[in-house]
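Structures given as structure tokens follow.
In the two complexes below, chain A is the common chain; its partner is chain B in one and chain C in the other.
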Partner chain A sequence: MAADPLGGRIAVVGASLAGLRAAEALREKGFAGELTLIGDEPHAPYDRPPLSKQVLLGRARAHEVTLPRVREVDARWRLGVRAEGVDPIGKRVLLADGGRVPYDRLLIATGTRARPWPVPGQAALDGVLTLRTSDDAAALVERLDAGPRRVLVIGAGFTGSEIASACRERGLAVTVAERGPAPLVGALGGVLGAFAGTVQRSHGVDLRCGVTVTALTGRGGRLTGAEFSDGTRIGAEVAVVCLGALRNTEWLAASGLAAGPRGVACDAGCRAFDMYGIVTDDVFVAGDVARFPHPLFEYQMLSLEHWGNAVAQAGVAAHNMVSPGPARRPHLTVPAFWSAQFGLNIKSVGVPTFSDRIVIAQGSPEEGRLVAVYGYRGRITAAVSVNRAKSLEHYLRLIESGAPFPPGPGAADGRGPRPSVPSDVPDPRLLSHGPTVALTGHLPDRGLTLLRQD
Partner chain B sequence: MSPQTLFRRITDYAHRADPYPLYAELRANGVVRQEDGSYLVGTYDEVAALLHDPRLSSDRRNRTEPDQRPLPVRDDLPPSFIGLDDPEHDRLRRLTMRSFGPPHSPGTVDALHTGITAIADELAGALHGRDRIDIVDDFAYPLPVTVICRLLGVPAGDVPRVRAWTTAIIAALDFAPEQDPEPLQEAALAAQREMAGYLGSLAEGRRGGPSGDMLSALVNDDGPEGTLTGPELMSTAVLLLIAGHETTVNLIANGALTLLRHPDLLVRLREAPELVPQAVEELLRYEPPVQFLPQRTPLTDIEVAGVTVPRGAPLVLVLASANRDPLRFPDPDRFDPMREHNQHLGFGGGAHSCFGAPLARIETQIALNALLPRLEGFRLAEDPPPYRRSPVLRGPRRLPVVRG
Partner chain C sequence: MRIVVDLNRCQGYAQCVFLAPEVFELHGEEALMYDPAVPDGQLERVARAVAACPVGAVLAGERAGPGGG
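On to the complex of A and B.
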């Protein structure tokens, strides 16, 4: 670190939510040195959650979902140029256009990108899309506006389910294909997965679980339909590939950092580990690309794709980048996310996949309003509300304090004691899509090993 | 003095003008069982947690300990949603929200902006040239009552009746132990019946012929979840009408009083109206119009800051004390309109968080913007001013200011 933590040069690679919030926090905390933000998209930082919701419904335009600025940021913006590597000795970020950005502290916030359809020839068919960026959303809206006879959504995670919801709200026929037993099952387990499946079908989704798409078919370069592993086939003019996200870590392959498919490993203070498991003091990580240990989840490394985590972690990283050792803070925020689909407001706190049992503590699936509480080995580890978010803070406190599972009775709309059942969280390998919350073991170098296996 | 007498002292009218030292004593003593069997909570973290705790009921029928000061029991009307738990509370609140806010009516409150400004400007204009003003009667009261009557569809000519009924109903909320509660409660019950009948017949008259107001919407709106029954509509309309102005009167009056006590800040806000929204949030922290929530009851034994509060015991959440908790707000007894991270509990929180908060916010912002320029050259005629009886809905009964 520079002699004066508020001076020197900081480079932030990744100019989306985490990068922007970190830059704002750095200036807020009095960093007066040179600040450079590098982003491969040509757009100023924007907000991604609406891209699969309001934008698809035509309530907001894809390129107008800007992020509110917390404050003005005095920085050099290098947008539309990709970072290709890091020279950790010379302390420079290497840019694709040949440029070099020197730093004395680096923040990695490169996030994720959509996992593409694995067969390049089929992925290139006109009508096969993914959804991650505002350009993606603009392209998808254009397709939906054209009124396709059927839309195929491949993968029923949150993004896929939200897209299916928007299609139905627009009156479009939609088929959802999910390799797992139910939609959202990878994030929420069997009970809420079954509930989500019922909801999707009642909204007219042609939901097909336990099948995979074996081929996307086309004629004259245009998508015409898909074939499934059960031998059936459908016609579709649009297919949205929602197979989860890939972490943007390839550019760090030669950096010597513990970077791999599950993210860049860092300590509780957002400092990156190198490939030997030694913590660096000048490279920090925040947002979807980070893999960080969490005390509430047995200190396993968590990889999250959550808006709130990006904001919180960016704040901690920025603080620690300009603070001397004893003043540094840990990133201990309990994971939380939300989704809006099929008229449901779904909110989650904790890590639902870190569970063995689940109990419906309030409401019920039948009335479409509930709070499900998840436990692991007798402790509460997560809670998910559907159209009933007001008491979620209560469960957040139970998670933070490691309260016993199941929670005690007495909830106003608890309908008396109910038995807990297995949470039925499937092995992520069984899903079409990658999980948005992943526990990735204890070792910082594991990602590196996996990268080499790839 | 014994902390077990805190509730008695807080509700004692002698402390109405400044209950804050008692709140400090409450926070210092943690959760204390009162001599009447109720439990008081006044620390921020605990109150905030309890507001989101699904094990707390707002339905007084869940009290098992003798309730020393029952509200009037309305045998003929169901409780309104402020006194119900989910799922009933939720269903009624959602049906009512259909004509007030998102997702079905996202523009309702914004659309009131122009009308409220016109009313506020007219009231403020009438103060011109006066040497003595009662801010409550001349301004803080007529503004919200006109707004809520217009929003609900109550004719302007009936405002005096609304005021008489409201006064009688609020009087029964007054926990003065030296008084015989029965006559007050009889009067409140009668007023409530009359008001309910009045609002019910107004709504009934608009069945099939809606006139763009909330009573019309409540009686005609037939969403997927059905509609309110006749008695539900009456309970809800009484709640909206009373809660829709009573608290805002106090917020505006408390705001004027606080600013008159801080003339430098009054000038600053007058010159920089863009600071007013943040100042209103600080007012909601510093002088909240609802001082405490008296009607929570745990449905099971719960632990609060190391104390077990038994099932069925009256549990009082002292919002105004939580708002002054030094563990949450630095320098909490200082009025600072520029305060940041001001997550006050002035509107409560959780499932019962204030239904009308968006309206109260813009009303008070508009009110202060209209009023402050008129207060140039005025000072408080009495400090403290005479307060209304209620320790819950706390505010000045009159707020006389004079030139000079």
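On to the complex of A and C.
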């Protein structure tokens, strides 16, 4: 750290939600030095959640989702330039255009990108899309506006399900293919997965679970349809590949940091680990690209693709970047996310996949509104509401305090005790989409494990 | 002006929908959708919506990014 923590040079790589909010927080806390924000997209920081919801419904425009600023950041913006590496000794970020950005503290907030369709020739067919960026959203909206006869969504995680919802609302025929047993099952487990499947079918989605797409077919370079592992095939003019996200860590391969496919490992104070598991004091991590230990989940390292985590972790990282040791803060926020689909407001607190049992504590799937509470070894670890958001804060407190599972009668809605059932969280490897919450164990780096085995 | 709503914080009180219905709407019973790009004619209504939100979930401000940001 610089002699004066409020002076010196800070580089932020990643100019989306986490990078922006961290930059603002740095200035808020009095950082008066040189601040550079580097982003590979040419756009000013924008908000991604609307891209799979109101943007697809035509109620907001794809390139008009720029985030509001909290305050001025007085930064040097390097947008549309990819960071290609870090020189940790010379303390410089290496840019693809040959530029070099010197720093004395670095924040890594490079997030994720959409996992592409694995067969390049098929992925290149006209009509095969992914959805992660505002450019992606603009392209998808254009396709939907053209009124395709059928849209294929590959992967029934949150993004895929929200796209399917928008297609149905626009009156478009849509097929959803998911390798796992149900939509959303990877994030919410079997009970709510089954509920989500019922909802999709009742809204006219051609939902196909337990199958994989074996080929995307085309003619003259244009997508014409798809073949499935059960031998069936469909015609489709648009296919949206929703196979989860890849963490943007490749540019750190030679950095000596504990960076890999699961993210960049950091401590509870957002300080990055190097490849030996030694914590750095000048490199920080925030947002989707971070892997951080969480005390509520046995200190396992979490990788979260959540809007709220990006905001909270950016604030902690910024604070710690300009604060001396004893004044530093841990990132302890309980994970939370939301999704809007098929007219339902789905909200989650805690980590539903960190569970062995689930109980419907309020409402019911039949009513289309409910609160499901998840437990692990007799302790409440998560709660998910469907159209019952006001109830969730109560369960958040129970999660934070490690309250016993199942929740007591005060937490239910007066219908007497309800039975808990297995939460039925599948192995993420069995799903088409990647997990948006990943519990990734305690080791700072997978490569290090292999070294130790040698 | 741009807005963003912290939908983790939002509990569906829908005060914003009542005060600025051209910018905020409910999708189903309680899922909030909004236009992040506030039209000039709606600035005053949105300012009232920001102030009225019981959980303080609506953030309004100038566009982030280079050029003033």
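Quick note on the criterion: the second predicted complex is superposed on the first by the 442 of 454 C-alpha atoms of A that agree within 3 Å, B and C clash if a C-alpha of one lies under 4 Å from a C-alpha of the other, contacts with A are read in each partner's own complex, and residues count from 1 in each chain.
One rule holds in what follows: a contact is a pair of C-beta atoms (placed from the backbone, for glycine too) under 8 Å apart; a residue touches a chain by one contact, two chains touch by 3 or more.
Source: prediction; values computed, not measured.
S.K.: Does the superposition put A:Arg397 against chain B (first), chain C (second), both, or neither?
M.R.: Touch partner of A:Arg397: chain B, not chain C.
S.K.: Examine A:Pro409 and indicate which partner it touches, taking first as chain B and second as chain C; both and neither are also allowed.
M.R.: first
S.K.: When both complexes are superposed, which of chain B and chain C contacts more residues belonging to chain A?
M.R.: Here the partner covering more residues of chain A is C.
S.K.: Please work out whether A:Gln362 is in contact with chain B alone, chain C alone, both, or neither, and reply first, second, both or neither.
M.R.: first
S.K.: So, does A:Arg219 touch the first partner chain B, the second partner chain C, both, or neither?
M.R.: Neither partner.
S.K.: Would you sort A:Leu79 into first (chain B), second (chain C), both or neither based on which partner it touches?
M.R.: Only chain C; A:Leu79 stays clear of chain B.
S.K.: Can you list the residues of chain A that touch chain B in one structure and chain C in the other?
M.R.: 369, 390, 392-393
S.K.: In the complex of these two chains, what residues of chain A are touching chain B?
M.R.: Listed in rising order, the residues are 361-363, 367, 369, 371, 388, 390-394, 397, 408-414.
S.K.: Touching residues of chain C toward chain A in the complex: what are they?
M.R.: 1-4, 6-8, 10-12, 25, 27-37, 59-66, 68-69
S.K.: Can you tell me which positions in chain A touch chain C when the two form their complex?
M.R.: Residues of chain A touching chain C: 20, 43-45, 47, 49-50, 53-54, 57, 59-61, 64-70, 72-73, 75, 77, 79, 307-308, 311, 336-338, 340, 342-345, 347, 369, 387, 389-390, 392-393.
S.K.: List the residues on chain B that touch chain A in their complex, please.
M.R.: That would be residues 48-49, 52-57, 85-87, 90, 298-300, 302, 311, 350-351, 353 of chain B.
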